[in-house]
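Data first, discussion second: the structure below is written as structure tokens.
Just so it is clear, A, B, C, D, E, F, G and H label the chains in written order, and each chain counts residues from 1 on its own.
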Amino acid sequence: MKKAAFIMGSASDLTIVEKGIQILKDFGVPFEVHIYSAHRTPREASEFAGKARANGFGVIIAAAGMAAHLAGAMAANTVLPVIGIPIKSDTLDGLDSLLSTVQMPSGIPVATVAINGSVNAALLCVEILALSDDNLMEKLVSYRKSAAESSLAKDRETNEKYKA
Amino acid sequence: MKKAAFIMGSASDLTIVEKGIQILKDFGVPFEVHIYSAHRTPREASEFAGKARANGFGVIIAAAGMAAHLAGAMAANTVLPVIGIPIKSDTLDGLDSLLSTVQMPSGIPVATVAINGSVNAALLCVEILALSDDNLMEKLVSYRKSAAESSLAKDRETNEKYKA
Amino acid sequence: MKKAAFIMGSASDLTIVEKGIQILKDFGVPFEVHIYSAHRTPREASEFAGKARANGFGVIIAAAGMAAHLAGAMAANTVLPVIGIPIKSDTLDGLDSLLSTVQMPSGIPVATVAINGSVNAALLCVEILALSDDNLMEKLVSYRKSAAESSLAKDRETNEKYKA
Amino acid sequence: MKKAAFIMGSASDLTIVEKGIQILKDFGVPFEVHIYSAHRTPREASEFAGKARANGFGVIIAAAGMAAHLAGAMAANTVLPVIGIPIKSDTLDGLDSLLSTVQMPSGIPVATVAINGSVNAALLCVEILALSDDNLMEKLVSYRKSAAESSLAKDRETNEKYKA
Amino acid sequence: MKKAAFIMGSASDLTIVEKGIQILKDFGVPFEVHIYSAHRTPREASEFAGKARANGFGVIIAAAGMAAHLAGAMAANTVLPVIGIPIKSDTLDGLDSLLSTVQMPSGIPVATVAINGSVNAALLCVEILALSDDNLMEKLVSYRKSAAESSLAKDRETNEKYKA
Amino acid sequence: MKKAAFIMGSASDLTIVEKGIQILKDFGVPFEVHIYSAHRTPREASEFAGKARANGFGVIIAAAGMAAHLAGAMAANTVLPVIGIPIKSDTLDGLDSLLSTVQMPSGIPVATVAINGSVNAALLCVEILALSDDNLMEKLVSYRKSAAESSLAKDRETNEKYKA
Amino acid sequence: MKKAAFIMGSASDLTIVEKGIQILKDFGVPFEVHIYSAHRTPREASEFAGKARANGFGVIIAAAGMAAHLAGAMAANTVLPVIGIPIKSDTLDGLDSLLSTVQMPSGIPVATVAINGSVNAALLCVEILALSDDNLMEKLVSYRKSAAESSLAKDRETNEKYKA
Amino acid sequence: MKKAAFIMGSASDLTIVEKGIQILKDFGVPFEVHIYSAHRTPREASEFAGKARANGFGVIIAAAGMAAHLAGAMAANTVLPVIGIPIKSDTLDGLDSLLSTVQMPSGIPVATVAINGSVNAALLCVEILALSDDNLMEKLVSYRKSAAESSLAKDRETNEKYKA
């Protein structure tokens, strides 16, 4: 299976990112975690993206806050699918990160998930890799099923509790 | 190659969607175009998504405006990657469509592109399908190269024009 | 009297939703509480809405956060009035939930109340059911009167306190 | 059948409001149209709302722009369900009208529809009145069916057109 | 001197409002404090405004949150200057209150101050009353002078502290 | 009667400002019109405000767009009431002007009206001056009455037109 | 004198950019104009910035729209001052460009001007270069003076016109 | 070397401003710190800016919140480069300060950094002064290098930690 790369702009994004890393582990997707900044280490960021395909990666996930250029900088240097996670920072409630990540100009897409949406970024990565891995696809189907069942269990419990 | 599904919520989205369809054609990706609404034809929308994998689809692209639920409704019924295009409508400048598409809760991802970002949605779809199709991957690399060359040609022209 | 259905997308919405449930109890409106998610349990959500009228419901109240599709998904499957409560989540201060709930396209209305407006959702439900139940209507009139009286009592107290 | 009241804050709202009036006509709902302003004619607005129930009205629809207080002013003076239509004005793209209409404090609900959502306001009104009028309910079911069919016809046409 | 009326929509606004009341006290402006709600006690609110001029008031200050209609409702019933204070509530960071207060339609002005700007509302009230009261005007001039002096004292202290 | 000063930041604001000037004329309020910019002619702007009281002015109205500092700069140099009109410019739909005008820090109030709210700024100015001019107050009462009558005439016309 | 670099992300930004180029010409600042995209030609963009100082540039001005990463990408590769111009695109009224340009993380500053603020970007560039060029500084002082005089001329004209 | 002026509108901005002051110290840039308010001490603010060049200053940094006019007021009175720091206050999450600082009209630029971006304001100031001070330029290059190295060290550590 191709590897996933989980890149974040700053070590402070790790709290959010770890939930997504756990998903990759749960699904048995091989991955690497890196801290590269589009601003503090632009050369390393570009080089990583530029060589990602040759180095066995299939998907790049990039998490960054504020003027969140990381996912876009990755996407500019690879034709692999790049998933962007806008990280909420101290001001503007994540709106800056979201717009900086999603509003990419024509030609260079970034697959953007919700603000702080680390779990969904990982799941989207799994969905993409599962297209050529039936085993992974089955795991996704099970994951969905058990999420639904857990939701329905809570429904029964709540419904019971509030029965007039 | 797996097929792409290009779904839109309303026939009025076609102006925007057609630019993306053209990209799929240019890259030789097989595709189907549908009008399904999460609100006016919810059953057909769900059923299409539910059977998409069995019907040979690899990626679903969904374009919708306002309270844009289409991509989310698709994603809720499939484990295929779903790409969402927020369509700008008459009010709020596309912000409603963007937030309704991208802010998906944990568990069900939608790969969101820019408002009206039909071309990027199609390119992201190609990137995903190209992971298991080296020929398609090469086309992507060429596409990028020629976009870069065209940009650099404009640079030379502009640079010349404004030379003091 | 027809029943009210109080649906929420996730068990975490219960803190907000409970204030509305209490209103339904206070007014003696029969109700059921359910946890259905437009994304995690889309089939159960659709089915509930599709059969709600036949099952004796008159109004559906749906509470959800982020890309809040629940009320819209309910409304797409019934011609009963559907009331939507946008739930504030961790980012964007409820703006995403509000726009995802209220900006419904022509044809499928959702009666949207304020962000976290669980009490008003329940009161709106009572107002609707009271149209064919004079007893309920009288309770509403009393409720309003006592809210007004309580407000005026506070006015007198405050006015007295600040008298120069 | 109880009557619907379609109130607007200013004659300039009529372009938007007329689409909703047409829906009421199509469904055979008896109605009155009024221009009352929460600011220019506050007494008439309050009085209308205060006597609406006694005068045979079942639902009040109120359309207004900017600091859109009309629906709230109606709701403050009646226990009938009040539906609010935020009208987009020259600045802020309807956001001011939306927030002024939907963010009602606890105790006095307004059932808010999308910005300029005149058609949905009328349909919501019909849904409410149909709770005690089976004939009207059947018309709603037909209306939905034919909207779905028209959407599916466009789907077939579009799908055919883009068949590779 | 004419009296000032300091009205708030709810007792919970008192924390903010008290800072403004203190200003009125400091300047020796006679005032009354009331809790009237445009929604819970619309009649009392209208009546107060309608009789305010006859009752010796010169300025009305109205503080309210969310769909903050109070200042507008006051203004609709008087030709006295009405000052609006948008109160920040639990969601949307005060943007709803601000737009509901300031975006008044042509014909009925509300003099709006900053979100939670209770002190400035009171100072504006004093400025208005001071137009026909030279003594009050002199107090305002002194107030400004001492605010400037206090700011300059902090400047000297800070400048000294950071001297290299 | 004290004079009103109608100041705008740029000659391009004149289209909006003229509607307010007409109101001042209609009410017979003496006034002067000036173009002073907080940025291009800061000294003249400050000096005008600083001498306004001595020069017979009672109220200053200031209209400006973008980072709209004009009203604040006026208010910083006078204890006369300053009314701010946020002018909508080419981007951001007036939100920048509104926030720059209304969000004044404690100590220096600006009485802000709606975006482009030139008519209301002038009416507010009249209301303030009318506090010490009974004749002007009566004109205001008449103005309101005739606005109400004109609104009610449109109501009768519209009500008649749509009578089923 | 050091040269200015005026970079834009796309040829479509030229309409806005040209006003700033004219300013540089008027002040006799030597400059080059380039089209480099942070996304389509990331290598050329980085290289230009990386060599700018050695190539005799003193200031870089970068104009871009949507997820406007260009100024940040320049700044990441140079310690020269970088001025960012957020360009308004088809959706969101320039808010996306503004936040993507200004909200740079600690360590890599971008000197951001107003949306479409091409003239101010050029003037800021002149101000920076003028710090070590007294002749340029004098031109700036004259420019300001003549802008003030032109504003005051319009003031006299307007004041005259509206004299009662 | 020319001096930097670090001005803030209020003593309460000092927590944010101090991080920037530390940068100036670290780089050995001579500086003064002042508290001047565009509203409470407008004359002192204007005078400081007006004499800044003659008093040996090269750059002015101005930090202010809410309707943040300080940087603009400085810029209106000098042709030195003025850097604006929008300070986040209690409401609106810094959006008001950002727009009030950055949206300057044509003719008077303010170099705006991120909300609370005190460090970047200081670094931008250093970049500007370094244009005519090679020693300072070298310090900047070292600062960047060590920031990059620290980021890469964290990368190695994180990469190691998450190695599967």
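Simple rule for what comes next: contacts are C-beta pairs under 8 Å (C-beta built on N, C-alpha and C of every residue); 3 or more make two chains touch, one makes a residue touch a chain.
Quantities reported herein were computed from a predicted structural model and do not represent experimental measurements.
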Thinking of F-H, which of A-H, A-B or A-G forms a repeat of its interface, with over half the contact pairs identical?
A-G
Between chain A and chain H the C-alpha superposition rotation, given in steps of 5 degrees, amounts to 90
Chain D and chain F have mean C-alpha positions lying a whole-number Å distance apart equal to 34
Which integer distance in Å separates the CA centroid of chain B from that of chain C?
35
If you average the CA atoms of chain E and of chain G, how far apart do the two points sit, in angstrom?
41
Chain A: which residues touch two or more other chains?
10, 37, 40, 66-67, 92-93, 95, 102-105, 107-108, 110, 114-115, 144, 147
Can you name every chain pair that touches?
A-B, A-C, A-G, A-H, B-C, B-D, B-G, C-D, C-E, D-E, D-F, E-F, E-H, F-G, F-H, G-H
Which of the residues in chain F end up touching chain D in this complex?
88, 93-95, 114-116, 144, 147-148, 151-152, 154-155, 158-159, 161-164
Quick one: which bits of chain C touch chain D in the complex? Just the residue numbers, please.
2, 53, 58-59, 79-81, 83, 98, 102-115, 117, 119-121, 123-124, 127-132, 137, 140-141, 144, 147
Taking the touch rule as given, give the residues of chain A at its contact with chain G in the complex, in rising order.
9-10, 37-40, 42-43, 46, 65-67, 69, 72-73, 75-77, 92, 95-96, 99-105, 107-108, 110
Chain G residues within the chain B interface of the complex:
6, 10-11, 14, 21, 25, 30-37, 40-41, 44, 66-67, 90-93
